[in-house]
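In what follows, a single structure is set out as structure tokens and then discussed.
Chain naming follows the written order as A, B and C, and within any one chain the residues start at number 1.
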């Protein structure tokens, strides 16, 4: 199971890791600072057969590939909406494939969650593994949370794009793969382009063959491309939001640690997956002034989703204090005594798996740290944008 | 995934045509919330409903959309603790496995017999919520199965479909699952640090005029115009700890207070559910 | 900077002509970026010209590092004996390679050592292993090999005297010595025909590991990894007041870095132990009290920092395809300390990932 990967670490290792991560500042086993991510290698547009693709790999060899494919699909009409009558008998045909429903938005464009299909493939795990389902649900939840993303897939009232995001982890997961998959998905979406629409109104759509003219799904602001986004959709894109990113943060003692490795996660008191999105910096003047009143640096971040990740630390074996260790012949045979000892006050240097939940303050602090203006998320988004354009 | 072993109903559901002289836009099928924003719905909790299981519980939540009709009906059975199979590796803790399954008729759209991804997702959420509550090292080398069947989902017939907000329903369902599973665990006599219960709070907007959104506890999606964000909290009241937090929506990061108060209201809802849970468990003895 | 995103580069850089003899080195290597290759690497790319020479000059000792591929005929001279990684086609005398790797010859024995393979145990190897299964009278230990190694209960030092017969009580409480997940350092005592190894810890330098961190580097052979060398275990003085640090390089590629604990004081350090006083008079006793402990001693912040730095050095060596042995680790460590001195964050900066690691590797290659 991905969320509670079976970790086999000795109690002595766990006690050491926990002690070193609880220091101020924490000493991480790989020497990173608490907010530092593992260095990664990224590239986009690696698969010419897709609408958008990206690859990210870590130095330890963990590697993920995301391919985005788009298909034109007929939007199911439902009673209660203004029915579209066209010469080619649109209404009759629509009744046939009424498989999915579309949400009625206030905007003329509307989107539906079923227009996006996300699958996650992790080697060594079954297709129907709950952990994989959890990961896929988490990633698509972030993408669909604000409802704006699905609207981008609207072509006209009768047709929409159906977007397939296939996330494949190439190597067996050496650590909880969530940050890797999320960052790769982000890059793939940044590089996704949909063919330019040539038809107008509600007629059957046809598209420009010229791939070079295809606009990006998330219009680029930095590259100042000449293709205006308004050609695809009749109403202009409301805000230059970026695709969401999901970060894994954990708390040990008083420390908040980003992008934990497998060993670090094994001693976590609590771990959260937080999805955020940010408006691109060039748009912050209009939006930033409205909410905050004063001009600040950094992006306007929006919180999209939070999920608690079950830290594997609860599943680790507890250490035995020297005083209670029967291997020394001490208190031999009195298993009752050792039981009591295990429940008693913590002995320094002996690992005890955490029990119970997380304090509200800790959870609040984790979320606050992620959403910090001009903080980690900002720099990650900047770096990803650089990786895409570069 | 196709279930080939059973004869299933038709693949796609159709809705009966709807004729009315009035323009559909004028029809407001939305029922409005009659409860105060910080009041949860009444719930019925009963333990020991399945005698053959080690522990079991049944939960029913009253729907306020149509008085007299119940919304959510959940039944949970706990099997174990029992010895792990010989092939399983040694475990110093109890091995928890959670299954959440909608009955095929529980929701408007018929569900298959095989668990789909949203049910698996709920299962993981439930596992996270319970794992923090149980004292796992009291039962080494043993396993426990927690099976929650959703007999009736919390959906209003007319409106939920049009809104397409099944996700918000999932949060209500999860909070019910957590409460009912905690009752069944206590019924099975498995050591827990505290009773865990679920609670949901949502940030809702009832009018289109751009008025400030308000926070409602235990929301029914069909009663609100729009749900901006919602969170489901699994909370241990005596330890004041959260074992599972699931938030979804769209909140500006600059307004962290909104998030905090949303979680606070979720905890409030969970405390209400917990009172019912305690009453139910102490009532079983007497 | 919380994140570094590097541009992609070929995952395995095309190696330029390696220096396998002096004439080649002098004319091509100098400008072809020979710096990214250590002279010690027993790995080369094959060039057609060289391969042609290989088949004819197998008896020459100059061709020290040659890559052969599966199916390649090494020699058809019947005077050679086939060793590991080779086979003989029936009804011929031709020795053919069955793996891709470097060829070695010992007297008349031809064997091919694969470029990258899992660890193959050999008797006398010092290995670091992790218990994965506890059985009635033995443990199954993961040593990174194709098979789990086994550690019989009779092959460990039982507490309370080094030469004690094992009893049924010991069998019943086998998990108090080693449980699942525990790390240990042991020696390969015996090999089975199927490649499985039997370990023993019947020495005071072997046993359970604590007070440190574990890092697994990929198996032997190829560019990086732990190589068999004269000393696999040593104690070194850490910089910045880190005290003494023990490094255990398991031949199987599992590495353990821990704070050095003086053995006679070990009993006295664990104040909670009731037998602490007796420990000084009877060393055997005191050692055995902490032999199966899973309680860490108090470790100073400085020591933790230097242990993490050493771990970073080992990972950086592996990531940059350098061999891991005592010489490289010690040199790399001193280099890393100096790099930290001149870095912006000062001597407390222990990060050695990404570019820092490459910088370190380049410095080591240049030295």
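The working rule: a contact is a pair of C-beta atoms (placed from the backbone, for glycine too) under 8 Å apart; a residue touches a chain by one contact, two chains touch by 3 or more.
All of these numbers come straight from a predicted model, not from anything done at the bench.
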item	value
Taking each chain's C-alpha mean as its centre, the one farthest from subunit B	C
Core chain by centroid distance, with centroids computed from Cα atoms only	A
Separation of mean Cα positions, subunit C and subunit B [Å, integer]	51
Distance between the centres, which are taken as Cα means, of subunit C and subunit A, whole angstrom	36
Rounded Å distance between subunit A and subunit B, as computed from the means of their C-alpha atoms	24
Residues of subunit B whose C-beta touches two or more other chains	92
Of all residues in subunit A, the ones touching two or more other chains	316-317
Residues of subunit C touching at least two other chains	132, 179-180
Residues on subunit C engaged by subunit A in the complex (per definition of touch)	1-9, 130, 132, 159-160, 173, 176-177, 179-183, 208-215, 270, 272-275, 288-299, 301, 304-305, 308-309, 311-312, 315, 319, 349-355, 357
Subunit B - residues contacting subunit C, complex	89-90, 92
Subunit A residues within the subunit C interface of the complex	8-13, 15-17, 19-20, 23, 27-33, 35-43, 55, 59-60, 258, 316-317, 319-323, 325-330, 347-351, 376, 379-380, 383-384, 386-387, 390
Footprint of subunit B on subunit A - complex, ascending	1, 3-4, 78-81, 97-99, 101-104, 106, 112-113, 128, 130-131, 133-134, 136-137, 141, 145-147, 272, 276, 291-292, 300-310, 314-318, 342, 353, 355-360, 363-364, 367-368, 371, 373
Subunit B contact footprint on subunit C (complex, rising order)	132-134, 179-180
